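Two complexes are shown next, each including subunit A; its partner changes from subunit B in the first to subunit C in the second.
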Partner chain A sequence: MRFNLKKELREAFTPPEPNGRDGFLAAIPYPKLTYREFVLSQICYIRKRIWFVSLLILLAGVGAVYIVPDSSMVLVWIISALIPLLAVLTAAEISRSDIFGMFEIEAVCRFALPQVIGARMIILGICNFAVIAAATAVLGIFSPLGIAKSALYILTPYVSVNGISLAIFGRVNGQDGVYLSVAAAFAVSLAGVILFGKELYDERMTNVLMMAVCVAGTVLMTVQIKKLLVGKDNYYGIKD
Partner chain B sequence: MELRIDRVTKNYGSKIACDRLSITFGKGVYGLLGANGAGKTTLMRMMCGILNPTSGTISYDGVDVSCEEYRDVLGYLPQDFGYYPEFTAQDFMMYIAALKGIPKSKAKVKTEELLEMVSLKNEAKKKIKTFSGGMKQRLGIAQAMLNDPKILVLDEPTAGLDPKERVRFRNIISRMGADRIILLSTHIVSDIEHIANTILVMKNGQLIHEGSLEEIIAVIRGKVWECTVPQKISDELTVKYPIINTRNVGDEVFLRLVCDEKPCDDAVNADATLEDLYLYYFSEEENDKS
Partner chain C sequence: MEELTKTYDKIYRYCFYKVRNSAAAEDITQETFLKYFAQNPKIKRGEDMAYLYTITKNLCVDYFRKKQTEELHENYPAEEFSEMSDTKIAVRTAMEKLDERHREIILLRYIGGLSVSETAETVGISRFAEYRLEKAALNEMKKYLEGALWYEI
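Then we have the complex of A and B:
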């Protein structure tokens, strides 16, 4: 009975056109993303090449262990040569707003540029840490270097290439920066291979040199990251 | 709703890009006019928090430009902007929506609505790198509106749009100006003439005029003249007065110029337009640059 009444009323009267419905709906406040949710939302915007290279390093390490178990130094060369590639891709990913001219649009959003860069650093930092830790463990177990030296041999090319690349991206715009950074990464890889292959220095000398480069690379990387996070016009060189 | 710019100055070394600017914006559309290098883009960038003023403050209803609450009500279309090459139009909008803190479900609805508004709905899944200049510009306009901003700053929004799109976009801005602050800068004087409630004229980093179209034009009312004269007289007048328009008519030359008194016997007074004012103030500067 009640159902019929509703139906008849609906048929008898035409409802008025909604007045200001869009404005009303738009005015309803909605919960904005928290920074944690924002960071998680950025995972899908990290380019696939980062995940691919990370996986490649892990697979190369594991593969080398099984394929050439007797030539343990080959493992050191392979991993040390691939680490600069991961470092340069990470630097390019962190600096991509600048490389592709998106920084102006990103800087004015609720989560401003330093927060966007921070989100990328968190995601890539976790990913790179996992890769470096796994690679160190593989090297530590399957090469004669031990954990401490393995960490040094992996961290040194990583921090130096990352620092150099971030410095390049901060100064050279667009694709030119990418080419220069790749060249720097290649040079570091080559230097590593020559250093390990030719044994130019005695072991103690090599370790001291590696440690010095590692410290310098870490300082450079830290300075560049700080510039990125607090930068703005003094970093991006925006002019009228 | 009040956006206050209080004695804002921006220096680049010894060059003063903006010189002690003080403007208060209420609801409505504001058109910013000025030659290249007048300080328009610097002002807009400071209003968006991209550049820090050397001195002075910018705030919206008491909220400083550097605060997240300020950016939350801000929409900005830069003069030139890039995009990530792997992005489709939809990816781009969803990415910017995330940066603006809009949840995914709401962002999807808003993206669809805005892409339809800028006639890019059918291109939503296409890569931006395949887009024409006008399409990229329309996408830029759409992203600026994602958060339904209370302050909308548009730097050359109609550049690259065809006349039909320009008129359509002009109407959209005009409608939106009813309940928000819109500041647009463009060299297309007619755009400002049609939609701006208030016109701001900048020169050498300073605000030289501020007012409605009528008030602004009053400066040169009665000073715009048209005449058709022989080449020799034309050459003399060209040296003497700012020429707004010139065209050959048979053996003679038609001139539209600005001067306080009748430049020649044949001259007749013409209605002043905003373009006259713009050319009057900036033609000298443009000539110097070229």
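Then we have the complex of A and C:
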């Protein structure tokens, strides 16, 4: 007798036909979205001010090219001073449920909050990347800095303000968090203007300082994003 | 939808083996799906079986906790008992004789229909460990069946 154990195992444990399967599967709110569709569906939930500020920064960058004298560092100040505004708005958008204390309500919604946040991060990340890339190109072409330094001078205020704002929103709820973040963004903008304007340090020192702040800001931003996603995942019991 | 039906059947089969009651198995299966969709925007075709089985396993544990004081009744179809072949009885007995870990692996792999990596992920072991344990479990079963039945592999 030839014996196929694997087949016999399947046959030995055949349960009775399920009664409610078809009815259940027909009624279940089965999300037929692909992940791409889900991410795209989140675009309309992002507040218009983000798009407006992104456009404003692009226009300011382009406008500044015509207004300020050629190869002027003023262009760098203008764009670097506007970037923290985009960073603080992005952080506020990502932390909306924390700011407005909507966590419990969102926890019962169709999509899990970490996934919604993740999807919005992807959209905002792409949008911010486009703005930063365009601003870097404008600075690289029209200022004496060159592309690499331009990227550094734009990324530094962006990552530092984003990291600080996310940290603030994670700890301070409501409008107080928004005020604090705006204050932080203003402080960073001001620091940038002072740093470039007064030439407190020589160029090499400035670059080293910017690089150090950029790295610290990136680390802070990464830690805060991880907290935002993993912290909520744990709340949902996904990792347990 | 067809894929969803297949997944439903697999989960239901696994639940039924665990709770031995079709109504309870179906309740747990449906709860598994609801919990899964509450956390996931879409079903990642074929990718999330380990996650689904983990939810199911936890729900089965909850079920037994709730029913600790009540007597549980198996409800395999009545005619199946009378018509059950010696082979089926021997296979079921052999399965019961396995230790819990081996039984879980056989259950997931051959009754639940998971792949090696999905089984490993569900049980929380490496693929290599899963392969080793699966082989040991199958050998253990064969050893028992060789005594109970007259067959060759």
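Here, the second predicted complex is superposed on the first by the 197 of 240 C-alpha atoms of A that agree within 3 Å, B and C clash if a C-alpha of one lies under 4 Å from a C-alpha of the other, contacts with A are read in each partner's own complex, and residues count from 1 in each chain.
Keep this in mind: contacts are C-beta pairs under 8 Å (C-beta built on N, C-alpha and C of every residue); 3 or more make two chains touch, one makes a residue touch a chain.
Given the structure is predicted, the values throughout are model-derived calculations rather than measurements.
Once chain A of one complex is fitted onto chain A of the other, the partner contacts of A:Phe111 extend to both subunit B and subunit C. Legend: residue contacts after superposition of the two complexes on their common chain; A:Tyr45 is shown touching subunit B, with no touch to subunit C.
In the superposition on chain A, A:Arg96 contacts subunit B only, with no contact to subunit C. Judged by the touch definition given at the top, the superposed model places A:Tyr179 against neither subunit B nor subunit C. Once the two complexes are overlaid on the shared chain, A:Phe129 sits clear of subunit B and of subunit C alike. When the shared chain is aligned, subunit C comes close enough to touch A:Arg21, but subunit B does not. Subunit A residues 30-33, 38, 110-112, 238 lie at the interface with subunit B in one structure and with subunit C in the other.
The touching residues of subunit C, counted against subunit A in their complex, run 1, 4-5, 8-9, 12-13, 16-17, 22, 25-26, 29-30, 33-34, 37-43, 75-77, 87-88, 91-92, 95, 106, 110-111, 138, 141-142, 145, 149-153. Contacts from subunit A toward subunit C in the complex involve residues 1-3, 5-6, 8-16, 18-22, 24-25, 28-35, 38, 110-112, 115, 236, 238. By the touch criterion stated above, subunit A contacts subunit B in their complex at residues 26, 30-33, 38, 41-42, 45, 47, 96, 100-102, 104-112, 116, 232-233, 238-240.
Across the interface of their complex, subunit A is touched by residues 12, 17, 37, 39, 41-42, 45, 48-52, 68, 71-72, 74, 76, 78, 80-86, 95-96, 98-104, 106, 140, 143, 147-148 of subunit B.
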